[in-house]
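The next part holds the structures, each set out as C-alpha cells.
Next, two complexes with subunit A in common: one pairs it with subunit B, the other with subunit C.
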Partner chain A sequence: MSGAESVGERVVREIVEDLIQDWGLDLEEPIGRETLLVADLDFASVDVIQLCVAVEEHYERKMGFQDLLMHDGSYVEDLALGEMIEFISKKLEDGSV
Partner chain B sequence: MGVVLANGARVNFVQLDHEDPEAEDIVMIHGLATNLAFWYLQVAPELNRDYRVTLYDLRGHGRSERTASGYAPEDLARDLEALLDQLGIERAHFLAHSFGGVVALNFACRAEERFLSLLLADSHIGAVREDADREDWDPDGRCRQILDRHDIALDTQDPYFGYRLLKVVAGLRLRGEPIPEELQGLVNPLSGGCSARTANQWFQLLDETSAEQELTGNDNLPLERLSELSLPLLAMYGEESPAMSTGQRLLSIWPHAHFRRVREAGHFFPMTRPQEVIRGQRALAAGELAQPASPRRGEQEVRRFRSDRLQRYQGAWYFDTREGGMQGPFSGADEARAKLNRYLADVTGRSVALTS
Partner chain C sequence: MSTRTLLIGMDGATFTILDEFTRSAEGEAPVMPYLAKMLANGVKSKLLSTPNPLTPPAWVSLMTGRSPGHHGVYDFIRAEERGDDVFFTLYDARDCRTETIWSIASRQDRRIAALNFPFTAPPAKDIDGVMVPGFIPWRHLRRNTRPKGFYDRLKALPGFEAKELAWDFDQEKQALDELSDGDREAWVSYHLPREMQWFRIAEFVLREDAPDLLAVMFDGVDKIQHQAWQFIDPSLEPAEPSEYFVRMRKLCLEYFRQLDGFIEQLVEAAPEDVQVFLASDHGFTATTEVMRINTFLESKGYLSWKEMPDTEAARRREDSMFANLDWADTSAYCRTPSSNGITIRVRGDDGSGGIDPADYEAFRAKLVADLEDWTDPETGERYISEIHRREDVFPGSAMNDAPDLLLVLRDHGFVSIKNKQPAVEPREDAAGTHHPDGVLIGWGKGIRQGVELGRRRIEDVAAILLHSLGLSVPEDFEGRVPEEMFDLAYLEAHPIVEGPATRKVGDDTAGAAMGEDEKDKLMAQLQMLGYME
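Our next item is the complex of A and B:
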C-alpha cells in the first residue's frame, strides 16, 4: 500500500476486515488496494454482496454495484479493492446511482 | 442486512427498502448450492422499483447457519415463515428458483393466504422426478456429449441429475481443477461456477449434516395437494432444462396458472435471462398475462406453454408473429411491445372480419 489511506479506503478496508475476522485467513500482505476479493480473501459471491450492502448502509445510499460487478451479463471473476474504492468515490463525487 | 433466528438457525437476509412505505413485498428464494447473490445484482434492483425486496440465504447456504439437520423442504418452509413473521411481512409476492420453488410450494400448501403471487422458475418436484415415464429432457444428447467430453460418468436421466452434477463441479473447484466453460453453463453461471469457499461449504453441508438425505428425500408435494392451490401463479421453465417435465405436469393440474417457456435456455435462466423473469413478475402482479390464445378454427383447445414474444438479438428487439416470423428491429423493449400489441390487434381484427 502506498501513500496515506483515504477515508473511502479506510471504510472499505474496515468492512472487509469485519467480514473476514473469523475466517482464519493467513494473509501474506496487509489488506490494501491491490487485494483481490476472491483470489486473496477467498470471498464467495454472497460475501461480495455482503460487502456491497455494508458499503451502501455506511453511506446510506444505493451505489448500483451491478455496474461494477457485471460485465456483458456475466459476473466479474474477481475484483481488486482499489477498483471498488474508485467506483464508490466516483459515485459519491458525481452523485449518480 | 441482518440475521433472524428461525427454528434454531441463524438465517441471513438482505432487505432493499422502497421509498413508498406502502409498497408490496417480494421475497426471493434461491436454489441449492447458491445464495442470495443469485438475485442481488440483476433481478432484485430492477424489481426494487416496484417492491420492497427481501432476499435470504437458505439454512446451510450463504451466510446462514449450517445446522445438523432441518433441510427437508417442510423445515425450510418453516424457516421462511419465521423470517416473514420476524420481518413483519404478512403477505408477499414470491419469486423462487429451482429448489427454492419446492420450499415456496411447501409454504403455499400450509399458508396460501400469505401469497400475493408466486413465480416459480424451473422448479422440479419429486412426484415428476421419480416418474419413470417422464420425457427425456436431453433428447438430442447435447448434455450427454458435454459430460462425455469431460469424462463425467453421470446419468442425465437420474432423477437428481442436477444435484449430482453440482457435487461433481464443486469437487473440481475444491481440487483447484479448471472448470470447463461448457460445464459451468450447465451448473451455475454465478462467479465462474462457484468459489472455493462456496464449494467447500456445499461439501461440508453434505458431509457433516443430514442435508443430502433430506434434500433428496420426500419433498412433501404430491400432485393432488398441489392441484388445490389457487394463488396467482406463473411457472417459467427453460426449454433445455431437466425440470421441464415438471412444468409439463403442472400444466395439467393448474388450469388457472400461466406457463412460459424460456426459449433456448437452461436451468439458470433467471441469471442468464433476467429480463424475462422481471417482465414475467411484473405482468403476473399486474394481472396482465395473456390468457391462452384461442384455438384457430379446426384446432382443439389444448393447454400449452407460451413463450415470451419479445426477444433481444444483437442489441435490438424483435417480436415473434403467430406464424413463426420475426418483426423488427426495434430500439427498445417498450417499442417492440407496442408494435406487438398493434400487430395482435390487427390479427384479431382480421380474424373477426373473416369469421363474421
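Our next item is the complex of A and C:
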C-alpha cells in the first residue's frame, strides 16, 4: 500500500477484514489496493458476491457490481481491491446507480 | 423475560415415521420416547404443505402465514428470461414479499430467536432478537448473524464449529445424486454432529437470552430421509435384511433418538407454562421411478436441447440443477427438478423467444392434453396424476413468477430435467421424496391432550405462533388459529384476535421492488457460482 489511505479504501479494507476474520488465512501482506481476492484471499465466487452485498449494505445503495465483475460477457477471474475501490468511488461520485 | 413459545422445526418430518418411532413395540422402548409423551399429552394433526411441497415455499409460508402466490418464493433457484436467454439465480430473504413472523413479533415488543431457518439471510433489519440463518456457507455466518456480536458468543461455546454447523455446498450437491453405500452412510453420519451444533445454540439462547419465541429448525430429517428412506420406512424393510441394511437402519434410528433427546432437553429447559409446537414443511414418501420431463417435452416438440462441446465444463453444466436448452427453439420446459413445474415461454415486447401471447390459452390447453395422455403402457395410468394451472394454485400478486403448470407425479417424486433416455425409468431402489402431508404437534399450557385434529395448512403455524405470543393475527394472513387445539378455559382467557394487516415489506427487500441492477447482481452470483456458462 502506498500513500495515505482514502476513506473509500478504508471502508472496503475494513469490510474485507471483517468478512475474512474467521477464515484462518495466513496473509503475507496487509490488505490493500493490490490485494487480489482470489489469489491472495482465497475467495470463491460466492465470497465475491458476499463482499459486494456487504459494500452495498454499508453504503445503503446498489452499486451495479455486474459492470465490475463482467467483461465482454465473461466474468473476471480475479479482482484487485483497488479495482473495486475505484469502481465504488466512481459510482459514488457520479451517482450513476 | 421468559420464553413462552417454542417452535421446533423438523424439515420433512412425517407421521409415517414419527408414529412408528413413538410406538412401543413388543416391550421395547420407542425410538422417540419423549415425543411419544408429547403426543399423548398434546395435539397432533397433519399439516398440508404448499402446492409444491418444497422447502423454500413451505418454510416461507410457515414464516409468513401467506401462500407462495403472495410471498413469491417458489424454489431454490429463480429464473429470469431475457430475450432468447434464460438466467438463473438463487432466491434469498429479500425475495420474500410478505412480512415474516420474526418482524411482526419484533415490532410488537416480542423478542425472537430464529435458528437455521432457510431464507432468513440476509437478515431483516427490524429483528429484535437472535437470527442465525440456515442454508448459508460457514464463511458468511458471522455477517448474516444478528445481533452484531452474537457470533462471537457462539464461537465461545464449547464445541462450536462453524464448518460443522453450516450449509456445505459440496456435500449438498453430492447428495443430490444416488450415493454409493459408503457415501450414504457417511451422509447420515454427517448430520448427527451437525444437528448437535444447532441444538447447542438453541439450548444456549434459551438459557441465556430466553426470547419470547425460540424457533430452531433441524433439517437433517429431510436430508437423511432423501438418501436413506428405504432404511427408515418400515414398509420397505426386506424379509432378510443385509448387514448393510441393519447398520444403516441403526444409524438412522440413532439420528431420530438424538433428535428426541434434543426435543426433551429444550422443552425441559423452557418455563413450565411454555407452549411447544413442532412442525414440518412437508412430509415424505417413497419414489420408485425417474420421470425425465424435458425428455418427454422434447419428444413432443416443445423444446430443443442445447448442443454442448465434449468438455469438462460442458459436462458440469449438463449436470447442473437447471435446464440447459436451445432457448430460441423452446416454447415450454421445466426449469429445475425441484420446481415440478412447466414454464411456457411467451414472446416478449422485443419479439424474441416463445409463443405469441394471443396463443397462450390454446397452447397451454394442448400442453395439458399432451401431459394427460402420457400414460404407463402397462396399466394405462397417467404418469402425472395432477396438472394444476398456476392461477388455481398460486393466486396472488406474485403469481406471475410461478411456473405456468404445476405437476404432481403419480409417486410424488420430483422430475428429472436431464437429457437422457428413456423418459420414464424405474429406480433401482426406492428413494425418499416429499409428500404434501407434514406434521403439526402442539403441547403445553392450554393445549388439549391426546387429541388429533383434522388436517391443518402450513400457513396456520404462523398464526398459531403469533397467538401463542399474545399477539393478534394479521387480517391478511391466510393462516388461521385452530380453536380446537386449545382447551376452553385457555381460549376464554386468550381469545383469538384478528388484528391489523401485515406491513408492506420495505424497500430494502428484493421482492416486487427489486431493481435492474439487483437482478443483474443476483444473476452474476449464479454465474460466478458456476451455475451459468
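In this text, the second predicted complex is superposed on the first by the 97 of 97 C-alpha atoms of A that agree within 3 Å, B and C clash if a C-alpha of one lies under 4 Å from a C-alpha of the other, contacts with A are read in each partner's own complex, and residues count from 1 in each chain.
The working rule: a contact is a pair of C-beta atoms (placed from the backbone, for glycine too) under 8 Å apart; a residue touches a chain by one contact, two chains touch by 3 or more.
Keep in mind the model is a prediction, meaning the values are calculated, not measured.
Engineer: Put the two structures on top of each other at subunit A: do subunit B and subunit C fit, or clash?
Structural biologist: In the superposition, subunit B runs into subunit C.
Engineer: On the A-aligned overlay, A:49 touches which partner chain: subunit B = first, subunit C = second, or both, or neither?
Structural biologist: Both: A:49 reaches subunit B and subunit C.
Engineer: Quick one: classify A:77 as touching subunit B (first), subunit C (second), both or neither.
Structural biologist: first
Engineer: In the superposed arrangement, does A:89 touch subunit B (first), subunit C (second), both or neither?
Structural biologist: It touches nothing on subunit B or subunit C.
Engineer: Is A:18 contacted by the first partner subunit B, the second partner subunit C, both or neither?
Structural biologist: Once the two structures are laid over each other on A, A:18 reaches subunit C alone.
Engineer: According to the stated criteria, A:38 is in contact with first (subunit B), second (subunit C), both, or neither; which is it?
Structural biologist: A:38 contacts subunit B only, not subunit C.
Engineer: Taking the two structures together, which residues of subunit A meet both subunit B and subunit C?
Structural biologist: Comparing the two interfaces on subunit A, one with subunit B and one with subunit C, the shared residues are 45-50, 52-54, 57, 62, 64-66, 69-70, 75.
Engineer: Give the list of subunit C residues in touch with subunit A in this complex.
Structural biologist: 122, 137, 139-140, 142-143, 155, 162, 169, 515, 517-518, 520-521, 523-525, 527-530
Engineer: Per the contact definition, I'd like the list of subunit A residues that touch subunit B in the complex.
Structural biologist: Touching subunit B: residues 38, 42-50, 52-54, 57, 62, 64-66, 69-70, 73-75, 77 of subunit A.
Engineer: Residues of subunit B touching subunit A in their complex?
Structural biologist: Where subunit B meets subunit A, its residues are 1, 12, 14, 34-38, 40-42, 45, 57, 62-63, 189-192, 194-198, 201, 272.
Engineer: Using the touch rule from the top, collect the residues of subunit A that touch subunit C in their complex.
Structural biologist: Against subunit C, the touching part of subunit A is residues 18-19, 21-23, 45-50, 52-54, 57, 62-66, 69-70, 75, 97.
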